[in-house]
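Below: a set of structures, written as structure tokens.
Below are two complexes that have chain A in common, paired first with chain B and then with chain C.
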Partner chain A sequence: MAQVLSPVPGTFYTQAAPGEPVFKKPGDLVATGDIIGLIEVMKTFIEVKAETSGTFKGYMAEDGAAISAGEPLAELEA
Partner chain B sequence: MSLKVINPGLSTSIQDLGRPGYFHLGIPMGGAMDRFALRVANMLVGNPEGAAGLEAVFMGPTLTFEKDVLVAVTGADLPPKVDGVVQDGWTAFEVKAGQTLSFDFLKSGARAYIAISGGIDTPPALGSRSTYPIGALGGFEGRNIQAGDVIPLGETDMIEPELSVPAKLRRLPGKPAELRVLPGLYWHRLTPAAQEGFFADDWAVALEADRMGYRFKGGKPLEFVAREQPFGAGADPSNIVDGCYSYGSIQVPGGLEPIVLHRDAVSGGGYFTLGAIISADMDLIGQLQPHTPVKFRKVDMAEALAARATRKKMLAEVRAHLG
Partner chain C sequence: MPIERLLIANRGEIAVRIIRAAKAMGIHTIQAHSEADADMLAVRMADETVCIGPAQAAQSYLNIGAVVAAAKATHADAVHPGYGFLAENAGFVRALDAAGITFVGPSAETIDRMGDKVAARQAAEAAGVPVVPGSRGRLDTVEDAATVAASLGYPVMIKAAAGGGGKGIRIVQTEEELRKMAPQAQAEAKAAFGDGGLYLERAIKSPRHIEVQIMGDGNDAVHYFERECSMQRRRQKVWEEAGAACLDETTRSQLCDTAVALAKAVNYVGAGTLEYLYDSETKEFFFIEMNTRIQVEHPVTEMLTGTDLVQEMIHVAGGGKLRRTQKDITRTGHSIEVRLNAEDPMMQFLPFPGQVSGLRIPEGEGIRFDHFLYDGYQVPPFYDSLLGKLIVHGKNRETAIALLITALEGLEIGGLKTTKALHLALARDASVRADDFHTQWLEPWLAAGNLKPIH
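On to the complex of A and B.
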């Protein structure tokens, strides 16, 4: 089991825009570099990318949640 | 002698203590948002306190060096790593030619200051190497650093990597962070209830927080004393006939979300400013992450000056400690 950690503090989003589908659903295959979510901070959106490949287990932070750096955002099964 | 940027981090810029003297022309002072941290980082590696270093926001860069250097990282708790081995913050360590300096996740604070022996030696602009990206001034080609940049370093004789600053001489904001405010020119524009509410309310750092200004949210909207707006002030009660802004001044557009102007702020405009954060607390703002709870506390000029003297004393203690 691998966790995707937030590189920065900010607000976490699981979709590219309101109404858009979530980036990943449980069971989806994830390749290294795939976008898992977005973090908004300092007037910019930062893409959170998977650093390993695997199967998506689920998000660990809610859409719109305030998160700090190093906080787990999602879980992958290798 | 140079360093190479492998990964720039989120928003990493070259900063020294800034370029005071041009604010009346609209060019901000610039410089490190946490000036104390930059000074200490420089002292730890044997540089003059005002040498240029790197200011890394939330996320550290990945760097390599052409020659052996001494490095110190102060300010935010953003653990530095040399070839993957974690090093202490607020402590000088050596990075040998070809080794990689990278960073772990941010643990607390917001901005880490990276001083390198010899200092960064980009060409000064108006007397400073500080980066002012909006004006494309200073720093490396007037912008934040990017992957592939090769940044010149000053030549120096390296001191021994033995200096460290004890925890009691480091400074990071508490939770909630307390920011002291001296009411200012337009304080009278607020009703007594709004004046009281501003200090009683719980605020938090908003996502719109950068080198130009820090925005706060969560408090009640401010009520203004009714008046007929003067010619040129516009209809909104938070508007004034254009005036000067100072470093640290607090404007509240629409009476809704206070914005504290910081090192890269504009120098004037049409919003009323209710007062200013005292100079002794400006470094702390640079270390606030979004969502951090904040309380504003009212002080008078005597307390503001006493706080400034306390800051100077702490810097003198660090100088004495590091000899």
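On to the complex of A and C.
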């Protein structure tokens, strides 16, 4: 089990824009470098990318949630 | 009528700056804030506070209805907009006018006029301010383009008349190149905008960004000399100076005097800035736009001229006359400001807010730090990354840079990342010390790996 951690504090988004599909759904295959979510911090959007490959298990933070640096955002099964 | 109750419709360091100025004038201060800013320094300092909405700026600091309602509810007789947010929003000024509340800044008409690039260019030309030489209107044939280019002088920039966003822009050095590239630019403009019309402008190589601070009371206007703001990353200024060491006295006088002429021509009220591109090879300067607000970098001008510009703009907004005539305004020494942002310069300037700890602020003659920090303060991630501005003043540019290094070494902001390391590296760079840089200098310097982690 691997966790995707937030590199910065900010607001977490699981989709590119309201109404768009979520980046990953449980069961999706994830390759290293795949976008898992977005973090908005100080008017800048940062892509959160998977650092390992695996199967997507689920988000650990909600869409629109305020998160801090190092907080787990999603889980992957190797 | 002098202002008695001032609502500050902004946040961060500029809110703190405005409160200090207003309190020094004996004005009652009312700080507007979002839900996320309830514990910011300006809220702690103000005589009175009012919440104007949720964290998202669109629902608070940019919400005209909410800000005007807050001003009415707190019986404010004036609103200071700071910079950004509603500072250059004519609709906001009209809403305040309708409520009988004074806006600390120019009229809605002036904001509209100077905010429109074409109208501003016309007003500047009419006042004798040089603008970037360009074609009078659209050009439809390569032959017309060649004739106009010959009169402007090469190199020229080819732009799409209908354009925007860089589409169709080409820089050509000779007529031969123009004849080759103009048809391509036409085709690209036609494809992108459905209109193959072209527009030509003189291309200014490696320009410097120089701006003039002006202040008006509706009848008279004065300048407070110029600032040099060429050190930019992604069009954001990172380091600003007053004055511009690259100017000779004749050029400086022309630059500043024509700026005053424009300010007088539009009966300007408040603080304003005229921005120019400067070609240091030909010593020519060209107006690009006017900002109708107090700017982030105003402290370098205050240090150079010994004037409190924020107090002066509040004074004229309250109907006062300018308190200093042009001949009373003199420049002494040299001043530099650097912007401390909550960003990691070693990680592509990734924003990195956090909780402030171990704050240590340098003090001493010629050192000033405008900020909104205190130990334990949680910098919210919802707004821009400016934490503070370190300003130094010395008897010349060399001593100012030496003082900047001392002051930066004495500045500690723990708990988050800051751009301090960038400024120390710049202050020690040979080109910066030789005043040899321009608006396109910093990004290649960073890309070349000149900023190294300190171990």
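Basically, the second predicted complex is superposed on the first by the 78 of 78 C-alpha atoms of A that agree within 3 Å, B and C clash if a C-alpha of one lies under 4 Å from a C-alpha of the other, contacts with A are read in each partner's own complex, and residues count from 1 in each chain.
Note that in this section a contact is a pair of C-beta atoms (placed from the backbone, for glycine too) under 8 Å apart; a residue touches a chain by one contact, two chains touch by 3 or more.
What you are looking at is a predicted structure, and each value in this text was computed from that prediction instead of being measured.
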Overlay on chain A: chain C relative to chain B, clash or fit: clash
Which of chain B and chain C A:I46 touches, first, second, both or neither: both
Touched partner set for A:G70, first chain B, second chain C, both or neither: first
Which of chain B and chain C A:M60 touches, first, second, both or neither: neither
Which superposed partner A:L5 touches (first chain B, second chain C, both, neither): first
Which of chain B and chain C A:A16 touches, first, second, both or neither: neither
Stretch of chain C penetrating chain B in the combined three-chain arrangement, among 163-171, 235-243, 253-261 or 325-333: 235-243
On chain A, the residue positions that both chain B and chain C contact, one per complex: 7-11, 40-43, 46, 66, 69
In the complex with chain B, residue positions of chain A that touch it: 5, 7-11, 40-43, 46, 66, 68-70
Sites on chain B touched by chain A in the complex: 10-11, 57-59, 105-107, 110, 207-210, 289-291
For the chain C and chain A complex, residues of the former touching the latter: 342-343, 350-354, 381-385
Touch list for chain A against partner chain C, complex: 7-11, 40-44, 46, 66, 69
